[in-house]
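The structure appears right after this line, and notes come after that.
Naming follows writing order (A, B, C and D), and every chain is counted from residue 1.
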Amino acid sequence: MKQCVYLVEENELIAQNTYRMVFSGDASAFTAPGQFLNLQISGLYLRRPFSVCEWEEGCVTIVYKVVGAGTQKMATFKRGREVDVLTGLGNGYDVSKSGLRPLLIGGGAGVLPLMMLCKTLLAKGKQPSIAMGFGSAGEAFFQNTFEELGVPVSIATMDGSLGAKGVVLDACRMDACTYFYACGPVPMLKAVCAASCSDGQVSLEERMGCGFGACMGCTVITQSGPKRVCTDGPVFAKGELIW
Amino acid sequence: MKQCVYLVEENELIAQNTYRMVFSGDASAFTAPGQFLNLQISGLYLRRPFSVCEWEEGCVTIVYKVVGAGTQKMATFKRGREVDVLTGLGNGYDVSKSGLRPLLIGGGAGVLPLMMLCKTLLAKGKQPSIAMGFGSAGEAFFQNTFEELGVPVSIATMDGSLGAKGVVLDACRMDACTYFYACGPVPMLKAVCAASCSDGQVSLEERMGCGFGACMGCTVITQSGPKRVCTDGPVFAKGELIW
Amino acid sequence: MNTSITLCGVTLSNPVIAASGTFGFGEDFAKLYDINCLGSFSMKGTTLLPREGNPTPRIAECACGMLNAVGLQNPGIDKVISEELPKIAEFYHKPVMANVSGFSVDEYAEVCRRLNDQAQVGWIELNISCPNVHGGGLAFGTSPQAAGQVTKAARRATKKPLIVKLSPNVTDIAEVARACEAEGADGLSLINTLLGMRLDLKTRRPVLNNITGGLSGPAVFPVALRMVYQVYEAVCVPLLGIGGISSAADVLEMMLAGATAVQVGSANLINPCACRDIIEALPATMAEYGVKDLKDMIGGAH
Amino acid sequence: MNTSITLCGVTLSNPVIAASGTFGFGEDFAKLYDINCLGSFSMKGTTLLPREGNPTPRIAECACGMLNAVGLQNPGIDKVISEELPKIAEFYHKPVMANVSGFSVDEYAEVCRRLNDQAQVGWIELNISCPNVHGGGLAFGTSPQAAGQVTKAARRATKKPLIVKLSPNVTDIAEVARACEAEGADGLSLINTLLGMRLDLKTRRPVLNNITGGLSGPAVFPVALRMVYQVYEAVCVPLLGIGGISSAADVLEMMLAGATAVQVGSANLINPCACRDIIEALPATMAEYGVKDLKDMIGGAH
């Protein structure tokens, strides 16, 4: 973990209620896709956690959905604004386990950490494919980006306005999957784990007090006892979790 | 009273720890010198009251001393910043009582409301003079401005670095005074009232909850019972006060 | 969309009531906006005799809140009846709430008695929880026995709907609430301010002349919400939720916890149009959370 | 300039102690800065047996503060002794404070007994005020009798300096303080969290799985300050002032009210370097207010 001051470079609407924010600043604490940062918003007490969607030297991107007071304020951040962030939080995905053809499964904002994971897997010569679920076509994002990377994309939307009608599991063949990486709402993760015969990793979300292991606010009970989503996670092996 | 959004036009250091802030915005609620505004500072709960030093259509000036959290934040306000203010607060000085040659007496920040008062008196053909007290030469301000207006100025500083050494009363002849207007710390006002044989008006300060009469936070007990400094004052006739 | 609620038999167009001590007798606000948009307002706490209140400073700044130690400055019940109520009649045409305080059970009862024939007064709010006067208010509010006693005496003295205002400075607020209900309270309002203090580092003395004062503002909202939730489970009478409310969302949250109506206090001091702004924002906020009739929210979280 | 103070016979280089439950067992902070700059730190509340704590969500946002309902998740006293204390020894070389909780008087006493021989432990802090476990902590902290009993049992079980941590959720905290002092407490720490709650307007349910939680952060500072001031006048033992401290000025204010040392809690979660930053700012803040020896501030406002 590092405490840094980031500068907002971009903050643009990319889908319904969904913004992409690009920061310049020290990205050196990030070591694995699936890690997150914890961002201070003046006027609010707790920091807000966001998965890092992409990073390179001096540049970090998050994508966030406006859901409450904090993300509403973030949507008003202008270029050049300074933001206090804790960086390099969480364990991130373990890409060494992926096998040749891992399946990436994302629901809504859960698609975000999969972008960096996908690029990392490609860089290692793997052939990932991705299944994404959204509420409707207007909320969907990243389809083009994945396609430009040459990654097979399948999509489901609840209202059928894009791709298959239904949940993300309706857009992918879990039976053909040899290893998976999943991120999204708990019911989706639960369903994915139940449907999969293969091993995999899932990323959890929990309300956080600190984001770096101090408060025990984000505990999940696993096969090996209580674990902190912010430091022992957010990524857990499928076999670790008790649903 | 009016609730307005003001725009910061200038915010410059004019003496030790003392800033002059010029706003553009609706000045129509101000009707008398000695009135004040109540300014919201994000991150602090209560508004902060400041005498209006000068106003004209569309333009309002305050001068403030940095003494705590609020004024520290104000010192960082940049040109173009929007500020929420309650304007036209308080009764202000009654200039009709002044006679031909009123004496204006100000201690420290108490000099501020006297500037507008002085200009108003001049416009009415009166011949005011002013006595000002400061801690030291570095804290003094407005000497030139008053002199440019052709107003006789006498100054005292506690350390003798400018004008007479001592308090403001050491710089003026209360026995020759026919009417006075005073503003400054309570011990000074008390001494001025005690030393003067003439009638006069003094402006009080009190910690305020609202600044517009709602909370009874700023009460002073007068000859005619409890009065609110923010609405019945801040200016009171000498004879009203119980020291 | 329906924002009306019924409080002890009186129907209000919306549940937003300006809180006692933060709205004076309404006059300063009536100059700013038409205060007939309010559900109602609670007048400044009134005692039998006029009171000058505590010496200043009476106000201190806190994180997300403030301390006050006004000490029940008021013109006394007779002047409230002879001067303030007639003035109010000129700009406010709905029932007002009379906030009553005292230093003995008899004084509370006597003030209630004198209010009995005032047609403008829709409810009496018995303040047994003022932390800023010695030997007064708070002493009654921190013991179920004393709270019951003063409620009983006030109940005998008036036929107006009787609302007792509870103190949060207690171990078990539900116990005090039950005692008041048992002695005939028609409603309960909570919370009054939390006892707090600030020191001035320059003088090394308390900021407030009274040493301690009452904490109010958004800082106390979670405590107020919890107490409303607890008291809702302990009594059957309607509750007025008070403490830190400054938005329409806060109103909904307080009603979900169990409040039939709410009071907005300190927010009025910071934003003089706070009550009006909250009332105007109610319909949009209701729509956002799928609320058609505000009444449906009352106690919805239980 | 002198920042050192003495707490129950142990001298601290400065009065800043990281508060229990917000600093884990120090490890995550030791990675960030050399935590030997601290006066001390209080370990996560420890019970006899390991506890998983409450189901999540355990955390909610509030104005100038937060709610937590962690529910004393901890590995149990034996693991704290066999695993955590040896780990701490690697990065922290001063006495630590052991924060102890329990569900019966015997459990409190047994945990104290097991800590007796741990040389690293400078003080035992008896948490009789956790609002987040049912039948535990808080029940002991809200009655002077129960608080006295558990203090007495702990006193017999240990020779370590015994500090009892008081709950603010009481009518009269001075009474509880006196009961603890009478039964042998060497110091008192106050306050633990204020019982509060938040509701989620989308789900219309409490945000916290535990329904209520403990409010901490700057919002509670005025209440904490007032209680320290009151307890200082009621007892002779040293006080640890806790609640909302997030700056060196807050430390001075809390000491003026009567605290010998202070604890910094939630501020650590928001700014992981909060304790270090406050300690570094102390000399300049002391200079600003003309303080040469920090000890001179203790109780200075009385």
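The definition used in the following text is that a residue touches a chain if its C-beta (ideal position, glycine included) is under 8 Å from a C-beta of that chain, and two chains touch if they have at least 3 such contacts.
Computed from a predicted model, the values in this text were never measured in an experiment.
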Checklist entry - Any idea how many Å lie between the Cα centroids of subunit A and subunit D? => result 36
Checklist entry - Distance-wise, how many Å sit between the C-alpha centres of subunit A and subunit C, to the nearest whole number? => result 46
Checklist outcome for this item: The distance between the C-alpha centres of subunit C and subunit D, rounded to whole Å, is 34
Checklist entry - Going by the touch rule set out above, which residues of subunit C reach two or more other chains? => result 60, 62-65, 217
Checklist outcome for this item: Within subunit B, the set of residues that touch 2 or more other chains is none
Item to check | Pairwise touch network: line, ring, star, complete, or other | outcome: ring
Checklist entry - For this entry, which pairs of chains touch? => result A-B, A-D, B-C, C-D
Checklist entry - For the complex, which residues does subunit C have touching subunit B? => result 21-24, 27-29, 31-32, 44, 52-53, 56-66, 68, 70, 73, 207, 217, 266, 268-273
Checklist outcome for this item: Contacts from subunit C onto subunit D in the complex sit at residues 60, 62-65, 67, 142, 169-171, 194-199, 201-202, 204-206, 211-212, 215, 217-223, 225-226, 229, 244, 249, 252-253, 256-257, 289, 297, 300-301
Checklist outcome for this item: Interface with subunit A, subunit B side, in the complex: residues 42-43
Checklist outcome for this item: In the complex, subunit A touches subunit D at residues 1, 3, 40, 44-47, 69, 86, 206-210, 212-221, 225-226, 231
